[in-house]
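One chain, chain A, appears in both complexes that follow, with chain B as partner in the first and chain C in the second.
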Partner chain A sequence: MDLIILQLLSLLGTTVFLTSVLMHIVRRNSSRMTLYLVQSFAVAILLFMGGLQEKSLGLFFIAALTFFIKVVFAGIFFSKIIDQKQVQQTPATYLNLPTTLGVILGLTMLVRSSIFAPVLALFPVDAQLISLALAGIFISLFLVINRHGAFAQLIGILSLENGLVVFSILVGLEQAFGIEVGILFNILVWIFIASALVSLVYSHFGSFDTIKMRRLKD
Partner chain B sequence: MLIFLLIISPLIALFISLIFRKSQTVTELLSVVSSLTQLLVSFGIASIVVQDGFYAVSSFLVIDSLGCLLILITSVIGLAATSYNIGYIREEIAKEIIDFKKAQQSYMLINLFLFAMFLAIAVNNPVATWISIEATTLSTIFLISFYNKPTAIEAAWKYLVINSVGLLLAFLGTIIYLASATPLLHGSFITWDTITTVAGSLNPALSKIAFIFILIGYGTKLGIAPMHTWRPDAYSKAPIPVVALLSGALLNIALLPILRFKFITDITVGSMFTQNLFIFLGVLSIAIAAFAIVKQGNYKRLLAYSSVEHAGLILLGFGFGGIGMYASLLHMLYHALAKSSMFLLSGNIFLKYSSPKIKNVTSVLSVLPTTGVLFVIGFLALTGVPPFGLFITKFYIILSGMQHYAFLTIGIVFLLAVIFFGFFQQINSMLFGEKPNDIKVGEYSMWTIIPTVVLLSLLVFLSVYLPDFLQTLLQNTLVLFKKG
Partner chain C sequence: MEILIFIIKILFVPLISPFCIGVIRKIKAFMQNREGASLFQPYRDLLKLFHKDEVISPTASWIFLFTPYLLFTITLVISLGLPFLSAGNNLFGINDFLVFIYLLVLGSFFLSLAGIDTGSSFGGFGSSREMTIVALTEGGLLFAMLPIVLLTKTTNISLMASLLATLPLLQFAPIIIAFIAFFIALLAENSRIPFDNPATHLELTMVHEAMILEYSGKRLALIEWASFNKLLIFIILGVNLFFPWGLNSGSLYLDILFASIFLFIKILFLSGVVALIESTVAKLRFFRLPDLLFTSFILGVIALFLVTI
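And now, the complex of A and B:
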């Protein structure tokens, strides 16, 4: 039983990592959104597994809320934006694909370097998974920096947040129930506000391309 | 009870204004009454904190001396900004820049912003502090995009993306900290105090990594270089009363978790580590602000870069340690008063000239005589001319720097001189010159003057005399830091 749980845990951790890598490679906004929904689903299952392990009703509730907010609500919201604006192709990146993959490789290696050794040493048994979560965080951060597209940046930030949730689960951090709900409420409001703002960006600039936002200069 | 009243009063004002959303008078009255309540409650809380050292209703809501100082600053700036907002909004409605429905949004969102700020100060859990500070970002997004112009949307998008990323990095640092502290806490509720009690047993290497993320993350919100890029954009596009709150109140609140984690990290690894980081980022902020101020062509952005400079100075004082720490605490207070009044005055100039560009603004002293004189006073205060408090705090920060980092401090003095002359040159061209023919002479209303007079009078008063209760709060905060 423990082996199955461990394998499932590895599968989910790897899913979160791989989806954050694939978000760099795909060209369509809808594909990037799907990857985010898959990633969020993996996070919800991870939380559900935590609930099973701890026999905690609170964690089950948090898992269900995560699923509702990050998969259902975000899915509906983002689909509407993509459909309404009819923008499928995402604007280009600052770095080309081979260089982007090189940076991703570098970030993954950085996590395994001596710099982050104290973090991985927190839970030596889960060190591999913790390093995947940390790499996922930095790769998502890189997505926000490397992509011109406002929608891609939005997904990058949410993917970064997913990486943080996985990281906190793996290092065994549990917050009071009220605080967990507070974090999720923040995410919900963030998705709502960011989606509204992305739509405004499109309305004013006729595109999601942030390169066109060059009016504010010193 | 007081703490609940402080946090809930902006929300009550928000909900009542929703009910009476068609009455401008009710909305205006509510915002002022709510802010006045917050100010009175803040003084009530201050009297308890001065007497007992802290004010707590549970382990979750605790206000210590530092928190109390920030609550007082926030409520004073809050009252000034909401009062000013009445005159500013009336004028914008009269000029048909916005309609009353839009004005209502501004009142409501400012209340939400105040709620998030008070919550961020009062909560005693690092994750709850993070949630509240994230809430300050979310409540201000639509205030920055308020005028719904492409530039405002651009500023709001940059603000959202940069601050969200920054705060998520701060969250990563917080998680690393809590993960290392949790096993030592044996299941008890995590608060700033409980982490402090086990700080001596934390893993030093982990604490260093965590603090770097926290400093970068909350430093983004604080607007220090090189994470400052959102600040000039947001400050130049948001409604002026909101900018006064962002620069006067939120700047200090973003510093709060940094200082709390610094205190914990200092216990774990010694103070040199955090001090060096503070000095590096402080000098970088002052240097970048100096170059930006000299070549600046927009007076709102000029003031925004001045905030970058002052955030850098505050970090420097804490970095240098000793008397510099006391000076930095005082600097937070004086800067909040000076900068928020300067932004409010820049609002008067903007209303009159309808342009944020320095080249389009001439003869302010003859067109807006009261605003002009106050603007000069504010400029002298901000740049640290005696007898203003910011002269004393800058002097002590430099003095503490000279003890251990003489060459670096001489460089900083040079940068401060560059900022003074750059600032002076820009302000000078705005104050004098030929009066534009199409602009009518005279101030708009008392609502746009009185708040700035009060803020600057308070600054002058506190520069020459610090009441006992403020001295106690400052001393108690200092004692807390010196333990680190």
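And now, the complex of A and C:
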């Protein structure tokens, strides 16, 4: 059973990493949203497996809640925003795609460098997966920095949070049940507020492009 | 036993490849709410072309006449080195992954030469586009396979597959990333959507079809058959090298039967994935193709880093 869980962990950890890389490559907001939903689904399964391994009802509940908030609720909410605003294409990036991919490669190399070696040395069995989770966190952060589009930045922050969850699961940093529920509640509120903010940006500037917010300086 | 495996290997790819194309076309038709042609239509198309006369341009040189035979032979030679039914028989060194890649490049090189040989403008731009794509694909293809070479410490494709099958799934994270890189290269090398549309003859978009526009009759049949074989070779390599479960030890007839059935199921699955992508993704503009191919290359390098350090 443990072996199967470890093997599934590998698959799901890789899925989370790959989705964060692909979020940089896709151009449509709906594709980026789908990638986020896939990533969140992988995180929910990871939590469910954690529940199986530790036979913890609390973790099952957290997994179910994660699925409901990050996959079902976020999916419906984001689809509505994209459909209402009719914004399929994301505004451009600061760096072109080859340079973006070069930076992604650099971030992955950084995680495998001597800087993170002490962290990875603590978990020799899962080192590869932990480095992928860390790389996923940095790549998501880079998505927030590199994209002009407010919607892409919103997805980037949520993807960053998914990376943190995967990292904490892999290194065994699960929190108490109350704290986990609290974090998920925060995510729910974040989705509400960020979506409202993104909608406001759109209604005021007619675009998700944050470059246009420079007019605020005047 | 070895002779039997040799015969099966050399016959498997050319006999199954038209069926594989038929499956892809059938799934695409299903996705478009059409009934579609029979699964065996590609066999009938090949038979029809083999019975047709040829029209050869008077300006065509030996390259134009020789290329279809070379392309078909290359696919047969490569199929002998594929990782199925036997583990590690390195016949004339064709099991080496570098030999595999450079035999493919040799085929693309001659096809491009044949495209410009007759002086047709269509062939010229087709060859030019093909060379651009091939030059950018080879890096991704090489780096997609290098992580497995480093993990298994061999360049023999069959041995790579059988050694990889013994690794625990926990170490498969870089292999999955490398497979995505390989899959992008698969689509590019086989002129599939989003790189090229095999069903179109629009001068603005065609790549592979532009190069073979001057061919007819038996030589066209051979080129078409070779391109079917090439796709199946990539599919077999994808399913058996990156997910090497169900390979046989080659010791029992029952093992061979089981491995063949398992391989066939895996082929159908990956063909379905190719058809699904072709039905849901639009063909990319030519100037966006390098981005996708560079993605393949970077994913290959990431997989390599995860394996090495």
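One rule holds for everything that comes next: the second predicted complex is superposed on the first by the 212 of 218 C-alpha atoms of A that agree within 3 Å, B and C clash if a C-alpha of one lies under 4 Å from a C-alpha of the other, contacts with A are read in each partner's own complex, and residues count from 1 in each chain.
In this section, a residue touches a chain if its C-beta (ideal position, glycine included) is under 8 Å from a C-beta of that chain, and two chains touch if they have at least 3 such contacts.
Computed from a prediction, not measured in an experiment: that's the story for all the values here.
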| task | Kindly classify A:Gly149 by the partners it touches after superposition: chain B alone (first), chain C alone (second), both, or neither? | result | neither
| Touching partner for A:Leu197 - first (chain B), second (chain C), both, neither | first
| According to the contact criterion defined above, which of chain B and chain C contacts more residues of chain A? | B
| In the superposed arrangement, which partner chain does A:Leu97 touch: chain B (first), chain C (second), both, or neither? | second
| Once the shared chain is lined up, is A:Pro118 touching chain B (first), chain C (second), both, or neither of them? | first
| message | Output check: A:Thr14 vs chain B and chain C. Expected answer is one of first, second, both, neither. What do you get? | response | second
| said: Once chain A of both complexes is superposed, is A:Gly51 in touch with chain B (first), chain C (second), both, or neither? | reply: neither
| Which partner does A:Thr108 reach: the first (chain B), the second (chain C), both, or neither? | second
| query | If you look only at chain C, which of its residues touch chain A in the complex? | reply | 168-174, 176-177, 180, 290-292, 294-295, 298-299, 301-302, 305-306, 309
| query | For chain B, which residues count as touching chain A in their complex? | reply | 125, 127-128, 131, 134-135, 138, 141-142, 145, 148-151, 153-158, 160-161, 164-165, 168-169, 171-172, 175-176, 178-180, 182, 189-190, 203, 205-206, 209, 232-233, 236-237, 292, 295-298, 301
| note | Within their complex, chain A touches chain B through residues 115-119, 122, 137, 141, 144, 150, 153, 157, 160-161, 164, 167-168, 171-173, 175-176, 179, 182-183, 186, 189-190, 193-194, 197, 200-201, 204-205, 210, 213, 215-216, 218
| Considering the complex alone, what residue numbers of chain A touch chain C? | 3, 6-7, 9-11, 13-14, 17-18, 21, 25, 97-98, 101-102, 104-105, 108-109, 112-113, 125-126, 128-129, 131-132
